[in-house]
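Structure, as structure tokens:
By written order: A, B, C, D, E and F. Residues from 1 in each chain.
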Amino acid sequence: MSDHLQQYLIRNAPYYRPTSNEIALYEAAYALRLPLILKGPTGCGKTRFVEYMAWKLRKPLITLACNEDMTASDLVGRYLLDAEGTVWHDGPLTSAVRHGGICYLDEVVEARQDTTVVIHPLTDARRILPLDKKGELVHAHPDFQLVMSYNPGYQSSAKDLKQSTRQRFGAMEFDYPDAEVESEIVAHEAGISRAIAARLVGVAKRSRVLKGRGLDEGISTRMLIHAGSLIRDGVNPVEACRMTMTLPLTDAADMLNALQGFVEAHFG
Amino acid sequence: MSDHLQQYLIRNAPYYRPTSNEIALYEAAYALRLPLILKGPTGCGKTRFVEYMAWKLRKPLITLACNEDMTASDLVGRYLLDAEGTVWHDGPLTSAVRHGGICYLDEVVEARQDTTVVIHPLTDARRILPLDKKGELVHAHPDFQLVMSYNPGYQSSAKDLKQSTRQRFGAMEFDYPDAEVESEIVAHEAGISRAIAARLVGVAKRSRVLKGRGLDEGISTRMLIHAGSLIRDGVNPVEACRMTMTLPLTDAADMLNALQGFVEAHFG
Amino acid sequence: MSDHLQQYLIRNAPYYRPTSNEIALYEAAYALRLPLILKGPTGCGKTRFVEYMAWKLRKPLITLACNEDMTASDLVGRYLLDAEGTVWHDGPLTSAVRHGGICYLDEVVEARQDTTVVIHPLTDARRILPLDKKGELVHAHPDFQLVMSYNPGYQSSAKDLKQSTRQRFGAMEFDYPDAEVESEIVAHEAGISRAIAARLVGVAKRSRVLKGRGLDEGISTRMLIHAGSLIRDGVNPVEACRMTMTLPLTDAADMLNALQGFVEAHFG
Amino acid sequence: MSDHLQQYLIRNAPYYRPTSNEIALYEAAYALRLPLILKGPTGCGKTRFVEYMAWKLRKPLITLACNEDMTASDLVGRYLLDAEGTVWHDGPLTSAVRHGGICYLDEVVEARQDTTVVIHPLTDARRILPLDKKGELVHAHPDFQLVMSYNPGYQSSAKDLKQSTRQRFGAMEFDYPDAEVESEIVAHEAGISRAIAARLVGVAKRSRVLKGRGLDEGISTRMLIHAGSLIRDGVNPVEACRMTMTLPLTDAADMLNALQGFVEAHFG
Amino acid sequence: MSDHLQQYLIRNAPYYRPTSNEIALYEAAYALRLPLILKGPTGCGKTRFVEYMAWKLRKPLITLACNEDMTASDLVGRYLLDAEGTVWHDGPLTSAVRHGGICYLDEVVEARQDTTVVIHPLTDARRILPLDKKGELVHAHPDFQLVMSYNPGYQSSAKDLKQSTRQRFGAMEFDYPDAEVESEIVAHEAGISRAIAARLVGVAKRSRVLKGRGLDEGISTRMLIHAGSLIRDGVNPVEACRMTMTLPLTDAADMLNALQGFVEAHFG
Amino acid sequence: MSDHLQQYLIRNAPYYRPTSNEIALYEAAYALRLPLILKGPTGCGKTRFVEYMAWKLRKPLITLACNEDMTASDLVGRYLLDAEGTVWHDGPLTSAVRHGGICYLDEVVEARQDTTVVIHPLTDARRILPLDKKGELVHAHPDFQLVMSYNPGYQSSAKDLKQSTRQRFGAMEFDYPDAEVESEIVAHEAGISRAIAARLVGVAKRSRVLKGRGLDEGISTRMLIHAGSLIRDGVNPVEACRMTMTLPLTDAADMLNALQGFVEAHFG
């Protein structure tokens, strides 16, 4: 592996609690270097899963948070002016392609289409990345794999992935874990008792029913861990939930009241 | 602490009048380095609060007024041409991440989404800032915390924060203080008597009822301090209120009349 | 005062005819360094007033005509390429902030919001200008004051100032002077008799009634001075009015006829 | 006069046939250096008139054809990279302002508003041009005058001039000359007999009635001169009119037939 | 003639089959250096005609395919950075203007308005090209002529030429030739018999009736030459027509069936 | 052939299973250097076909994935800054034109129109590429051919190719092969039995019926190969189909259920 990618190796095992056979499926896909899409709601553990797999497979993980202003050059690289004139600098995708690694495009539907079209020749039998501006064809390193994530219940159709992109990928679906597993995760990550974690999960479950009924999303596992951590540090549970679960989720007064009602029902 | 950040240390205690347990809650959040959203109307003291907390925690405070044309590069940095060629210059967010400090994004909903997506890897367990253009992963300094503010009653939904951003943050809610506390603040800051301050607060309270009924916002605490300062310097109170409280608030003739009526009722 | 700002000092007293206590009010606001908004129709004397005050206070006046394409960099400065590499050049706002002066943003509602957001930290207790691209915090010189102008009856609501900007400012309202004062001004500025000036003012007053009834604006004091100057130089008054008062104001044939009718009623 | 502007002097008297006292009015306006708007349909002689006046006044004439993509920098100048680093290059407006000359903005309503706002401080008593990017205030040369033209029957209201711009200018109105004068012009310019010129003018007069009834504009004096020149060189008059008067004017088959009918009625 | 333009001389006579007196008309227009618009459907021979005239007149021909992203700088030139600093490079229009030649703007309605406005001073009596960025006035070489083409049945009105542009030009109209002439052209160009060429023309004539009834355009002469060439090389005529005449023309299944029906009627 | 293009030669025969006389037709078109459009749904083998033909004809293949942000400069080349100043770098299209090769524009309807207009002079008798910015006319190498692909059932009409572009090209139509041939391809490419491949093809055929009835596209041959490969590596067939055929295709719950029903009908 290239020295440059050493900083992208994950040295300590991330905490990941599997809920089904997703680890074996990912390994089968990686064996084929099949590019993958991870679908699922925000904060349910997609990023943590890919970190865990990168650690397990001992591959560097290069993560790119996609956004509307990211250009193809931000992915593949560009010429920069040096004392010697213009010098080519590989972008993060090119680094992963050239030296071997998992390139993870987080929230890929936020990217402009030019950034997704750029990956097409990497995701079929050719496994090449043409650096048009440099006049170079980079053949992918045998370790290279491409992974992308998005939240299908969230983006507008205007931002949907093109079929010609989708059909080049395998896909895995993620959701919040069931109550018992989620309580276990929250208790472990926040350092609180299973009983308190279960009460937090109870609030979250009720909020998730309101998705599409006034809320864009329910309360995520990540928010429960924030609440649990404040409770562990001595903050009053109702105030901790207000700070980390209800106030960040919505600005609508009626929704805030409903959510705070759930909190008081479990902690009042 | 890096020399570079010395200029961002607040050396004298800013005047801040707490209204509840907000100082303890902020301290608990800072102990976790939980990123925070401060919600509340314009001019109610959000910026003053974060200045006070930065002073109390003895951390540098790097404030960024967000706007539509701010790019991710304005936050993270860019290459600039030097006699030696292109040299990387850290942006203000990168300075805070690298050297430790509180980075405060004021009116964050005005920012383009690429500037908010850039902060995602800083606001989960990874606490990293990838400088994609430089090919560097910056691990956040232990002192680093991210704080953002916005006015929930003000921005259009088109500018709403994305759920995948919101759920990474804790939140605190601010509002104008109650009449007695607000009079105390205005009297202290403007150097006028509590009696006159109370009359100014009386005008403001009546204007705030008109919010959404012809006014976008009511008269803020900040405007009362402006009026009080002019009165202290000998300006006629009705003229002082017109200059600092009613004329700046609206251009609509009927609203100006109504507001000026409130002024005359209290000072006429 | 910095040598650089010497060119912005106004050496000769501009002609300004006060209509109320506006000079004293401005002086009280300047004593607090309260940022000011000047509201009023085009051509009624806002720019002349701020020139007069800058002369009276002996402060340099840096005027910026705002427009849609003005960027924050046009205000605060930018890096320019030099034989030595990139060198920072202060923009006009930064010059005024650093060396002390009145910075006047004319027709501020034409500016993009990023240019107005940039001034927020200058207009509260902090009085600082963060040069994000340079990594420098400029503390305002004690003489610095910010003044902006706009025409409230003119701009679309889409271009309205944000409340978070408005509430940082005091405001003063301007209008065309009453007939006698306006005649005095026109006579003085154009070098014509009070009698002829009064006839020009008569035409203007009738045109101003048509504002919102087919005209966007009435005839301004400035236009009367143009007409008066041509008359002084021997141009036929009806032709002078047509050249400077009616033809420039509108392209609509019926409005031109109506206005030319007013002219002939006073000069025919 | 600066050497640089020598190339903009008009050495030979342009042919111009006055139709009223427009030459005297222009001279009166120039004596005041009053900025002028020339209104009128395309091809009626506005540009020729300003060329004639520049020749008569012996002032250089700097003409700028305005368009949507012209930036303020195209007018005022910019920094260019040189062997010595960045060097400022005056734009054509700045040249005229600095060294004295008539700057003529042709079809000004096509320009973006930032290019028109840039001229405001040049068109009031200040007569200055702030080069914000250079930090220089250019005081206009005593010979400098600004002239703009547009076609009021043509542009959309979206492209209308702002009142704050209009009210700084005097205006003159142009139209096609009456039949006899127009025949004289066409005969002179094309080198044909008055009789044939009169027949061409007859066709044009009938086309101008169709303006707003299927045609955006009627046939201009310029087109008649084109047709006359081809006739002088031996081209069949009906074909000459088709090539230079009807085919260029419209693509609509019914309008082409109607126009060609007028041609055949006069030349068939 | 300048060495630089030698590469734009057309050395061998292009095949052109006149259909009327268009060659004499063009020569008369060129004698006046009258700028010309060539109107007509795609693939009917406009480009071939201007190539033929350039060859006949022994003038270099500089062709520019216009498009939405072409800027005025692409036409007139720009500063480029060199070892010596920035050096001006003439654009193709400037080359033709300076050294003499026919500049042909193909599909001019695709160009942005700034690119068409740039040519105005070249197309009236002045015959000058102001290089605003360079501060130079180029007087046109006596050989210079401007020619533009467009397809009037095709472009949207939003892309229509402005009257102020149109009225500066003469115009010539082109259409597909009549059946006999078109068969002669196809036979000559594809190297097939007149009989087979006539059958191809028969298919084209029927397709042209469908213009505006499901097809944007009918089959052009150029497509017939493609089909004829494949037939000459032994491809089955029905397959050759499908490859070069019907499949490229439309994606609509019903239209493809109708067109393929015409093919089978003539070749089945 | 130029050394530079050696990297674009395809050294090993790509697997391609012809379904009709498409190879002979392509060879006839290449003999004329007729530019070609390949139409067909995503994942049906267009790219594989052009790779096969490039290998068979022993020509380098330069593939460009088109997108909205690709500029004409990305195709033809640009000046880059070097120690010696600006130096011209040929773009991939120019390389193919200059040195001889097949240039393949994949998904050409995604490109902006300026990138397609740039190819016009290459696709008629002239076979030239004007490098306007460089002032050079490149005459195409005898081996050069242009090929473009798109999916006619997919793009919006707003992105349709212009007639003036279409009529310069021949076209070939592609579709999914019939069941037997498709099974053969899937079995060969995935290394599974014909029986299992036939079951995968059965699922795909049923999905393709839903095109336009809730699905944008049916399951492609490429997806079947992905599924087959996972099955070959021991993944449960229902899970393999879910990962590679149904989950990537759509996010709609009802469609996912229908598709998964097809899978279970064939593999349950």
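The criterion applied here is as follows: contacts are C-beta pairs under 8 Å (C-beta built on N, C-alpha and C of every residue); 3 or more make two chains touch, one makes a residue touch a chain.
What you see is a predicted model; the values in this text were computed from it and never measured.
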| item | value |
| --- | --- |
| Other chains in touch with both subunit A and subunit D | none |
| Subunit C to subunit E, fewest steps along touching chains | 2 |
| Rotation angle (°) superposing Cα atoms of subunit A on subunit B, nearest 5 | 60 |
| Copies subunit B and subunit C touch via same or different residues, half shared test | different |
| Distance between chain centroids, defined by C-alpha means - subunit A, subunit E (Å) | 52 |
| Intercentroid distance (Cα basis), subunit F paired with subunit C, Å | 60 |
| Centre-to-centre distance between subunit F and subunit A (centres being mean Cα positions), rounded to whole Å | 30 |
| Of all residues in subunit A, the ones touching two or more other chains | 81, 84 |
| Order around the closed ring of chains, commencing at subunit C, then subunit D | C, D, E, F, A, B |
| Residue numbers on subunit B that touch subunit A, as the complex places them | 21, 25, 28-29, 31-32, 34, 37, 39, 71-72, 79, 81, 84-86, 112-114, 117-118, 120-121, 124-125, 130, 132-133, 135-137, 152-153, 163-164, 166-173 |
| Residues of subunit F touching subunit A in the complex | 4, 7-8, 42-43, 47-48, 63-70, 74, 80-84, 89-92, 95, 106-107, 110, 151, 154, 216-217, 219-220, 222-223, 226, 229-230, 233-235, 239, 243-244, 247-249, 251 |
